[in-house]
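I am attaching a structure below and will ask some questions about it afterwards.
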Amino acid sequence: MGVESLKQAVFRQVDPAARTEGLSLTNRIVILLIFLSVGAAVLETEQSVSAGREALFRGLEILFGLLFLAEYLARLWVAPLSPECAASRYPRLKFMTSPSAIIDLLAILPALFTLAGGATLALRFVRFFRILRLAKLGRFSRAWRDLGEALSSRREELILAFSLAMFTLLIASTLLYWAESDAQPDKFGSIPRTFWWGIVTLTTVGYGDVYPITPLGKFFSAIVSLAAIGVIALPTGIVAGAMSDVMQRRRKSGGE
Amino acid sequence: MGVESLKQAVFRQVDPAARTEGLSLTNRIVILLIFLSVGAAVLETEQSVSAGREALFRGLEILFGLLFLAEYLARLWVAPLSPECAASRYPRLKFMTSPSAIIDLLAILPALFTLAGGATLALRFVRFFRILRLAKLGRFSRAWRDLGEALSSRREELILAFSLAMFTLLIASTLLYWAESDAQPDKFGSIPRTFWWGIVTLTTVGYGDVYPITPLGKFFSAIVSLAAIGVIALPTGIVAGAMSDVMQRRRKSGGE
Amino acid sequence: MGVESLKQAVFRQVDPAARTEGLSLTNRIVILLIFLSVGAAVLETEQSVSAGREALFRGLEILFGLLFLAEYLARLWVAPLSPECAASRYPRLKFMTSPSAIIDLLAILPALFTLAGGATLALRFVRFFRILRLAKLGRFSRAWRDLGEALSSRREELILAFSLAMFTLLIASTLLYWAESDAQPDKFGSIPRTFWWGIVTLTTVGYGDVYPITPLGKFFSAIVSLAAIGVIALPTGIVAGAMSDVMQRRRKSGGE
Amino acid sequence: MGVESLKQAVFRQVDPAARTEGLSLTNRIVILLIFLSVGAAVLETEQSVSAGREALFRGLEILFGLLFLAEYLARLWVAPLSPECAASRYPRLKFMTSPSAIIDLLAILPALFTLAGGATLALRFVRFFRILRLAKLGRFSRAWRDLGEALSSRREELILAFSLAMFTLLIASTLLYWAESDAQPDKFGSIPRTFWWGIVTLTTVGYGDVYPITPLGKFFSAIVSLAAIGVIALPTGIVAGAMSDVMQRRRKSGGE
């Protein structure tokens, strides 16, 4: 009985779905830990901050790893109480194979690598993994899930817009390769190399490291720049529409 | 009685809410003074204009300060007539703690600093304060307040869009740091340093002071540039939606 | 009677409003002349084209001027037949003071200047005037007028968006002047000079001739770049809304 | 009878309209071949990939050409079964003059050129033609056709937006030519040369190879950059509207 009521209390602490509103203290602490661990991972890359403090950052990483491990074990323990897992024959196995549990398990890995030490390349990869701890946040926010659903319901339109962008990129790069490959062989020497110019132009970033210098190249580039407006307008329209769907749904359910 | 009717007249002159339509002569003069004082603050920084005219700019600043002080005192005097403050037990205290009164008080400060003289750093800070006198204009325009309300009612969506932008910025900077830190250690040497590249790319400003040079960096940069379209589309959709709300409300209330 | 029927025929030739659909032969010739005269004005500035052909371009310009003069006199002659001018006591005076007639008169001026010769500065100004002959086209297109009306009905919102952009520009330039004036006095040495950086950043053009180099300047610039998204989103929303109004009105009246 | 049933089977294999849902195996193979042939054409331009493998790429090209020829002949053979061509007196002639059949015929040409050999210039042109094989994909996707129809129904609005962009480009280039031609004769020496700056600024690409340096040029450039927002907003609004039409139609017909 004592164990069961403790289990209930833990469940209400670790599962955001167990409460109709707000987040429990444990949830808030976990969110804070996520931000702190990502912040530490970002700062560690800056030599002027981390030089001479390697032990501190190592200790922090192991601490974060232990705390995330404790949260994972607690969630595993109370999994049979969760409505989604309770229906299954093996509720804990069901929990372990759910996306949010896999994300939580992956978030512990970098601390293990840090404990074990390792080569430089592995360390770099691990650093990237620590940044992805932000994905743990997704479990706590309904707005993110709403946006994800809205975008995934417009999957086909987004694929269409992406295909059109890739098609325009290919035609644009072929035209510029045709016009500029003799004048600037290092930047426009092949179609794959010209892709870099194409992306920089179609997204209107325009760094200025590659641009056409021949009259024909400038003429094609002008047409591509104008086409870029359409290439950007399509996904903008789709994403803005999906966003307005999320807003309407939230207003309805929020009762505002 | 004479004092009361004078108070009434002053109230109608200084409070835009006291009149159903248009602005009083005093309001118009104050608006003009705001533009003049901001204009003077901007011009004073340009050496080719201000050199040899220090006394003129100093005198102008003190004059503007005195006039804004007079307006503030007048508003304080007639505060008990204002519907918002009259309900309070201490109407003048209520007025003094309202946002618009605090803005008006802050707008007088720079003139005091100018009178007192002061160190160079303080002067620079004061100069920035003078620019913020533009915020005094907010009191006179219903459209600005409407827009502010429309945006604040979509607070949550804007926070969601901002979080997504920050998340993308972090992932993008980590990827580019991973790919470019060896090739360009001064520009991509740590994740915080790479943030500058990330902002310049995600907002499609693209100054051209930092850009990837390795094939892997260019590949990641291409993906980030495409993701930028979505990152920009979300707030664009929200702001455009808020703007269309303002327009509909104005048409209804304006009866057009 | 012969004169009157000639007048009627001329009226049907020169006034697009006299026909329910399509444009008369004269209208089409005038439109062609507008494009040809603008094309000639553009090409004349390119030395590799105009060198040695000064007499040709001079002759063309005088020819275009004479033809536009003939059109103007014809329109003046038949003005009493036009519904807008007929109601007036002095229909020809009414016509001469209408915007489209003033534009047509101004379009003849450059030819007179060319005939009279003139100084280099005057010539440059005249060249710009010739480009403005494109404004004559406005008379022939209903779509342009529809768009103009749609935008002018949203005048207040556009002014609001423009004010917000100017306000952001001023704050942004003050912040960057504050952060960068010591490091780059030639580019950020005063607030007015920093405006150039502000415009290039807020419109996301990002030429790359001016950008912050201090950490504080980069931090402020990052915030300004993010604010730019909102500054651009407001007018985009307004213009797109006005455009959709034009489209709906055209579909209704076009019966499509 | 055996021939007729074979014809029926071939028809069901080559014509996507013959099946209510999904694509036949032959369709899928043709789509794969299109991507492979375009990929080969792109890679062939990169010396580090193609050097020493000329015979391989030549062989691949001839293989792709033969397979596309086979598909074309099969479609020609079964054309009388297609509802669109059956009504005609000469169904095969009708098929041969349809846009999709012309595209398919053109897609075979590059292989013939490769077989025949040819001069360098012709080869370059042929390479561009191979990229256009992507246009063959249009036949297999309803979404592309829907988008094409939605955009073509807003033809007039797009022409209006394009005219406005060209008009702004012309005015902007004339102003900048006027202000900068003396300071930077190589970049702003004539109006046609200034068009390059105009396109780079109006589309907000901003490479940074050309930008104004005189105060007047910067002032005009600032106005043009602000006008660019409107120039981009018009087509963005039209394209986003057309996209939302496509989405609504798909939802209705898809029954989602």
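All chains are identified by letter, namely A, B, C and D, in their written order; residue positions are counted from 1 within each chain.
Criterion: contacts are C-beta pairs under 8 Å (C-beta built on N, C-alpha and C of every residue); 3 or more make two chains touch, one makes a residue touch a chain.
Just so we're clear, the structure is a prediction, and the values are computed from it rather than from any experiment.
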Target chain D, source chain B, minimum contact steps: 1
Angular offset of chain B relative to chain C [C-alpha, multiple of 5 degrees]: 90
Counterpart interface for A-B, drawn from B-D, A-C or B-C and sharing over half of its contact pairs: B-C
C-D compared against A-C, more contacting pairs: C-D
Interface numbering overlap (same over half, different under half) for chain A and chain D: different
Mean-CA-position distance for chain D and chain C (Å): 32
Inter-centroid spacing, chain C versus chain A (mean Cα positions, whole Å): 45
Touching two or more other chains - residues of chain D: 204-208, 232, 236, 238, 240-241
Residue ranges of chain D touching chain A (in the complex, touch as defined): 38, 41-43, 45-47, 124, 127-128, 131-132, 134, 143-144, 147, 162, 165, 195-196, 199-200, 203-209, 232, 235-236, 238-241, 243-244, 246-247, 250
Chain D partner contacts - residues on chain B that touch it in the complex: 204-208
Touch list for chain B against partner chain A, complex: 154, 156-157, 160-161, 164, 167, 170-171, 174-175, 177-178, 181, 189-193, 201, 204-208, 211, 218, 221-222, 225-226, 228-230, 232-234, 236-238, 240-241
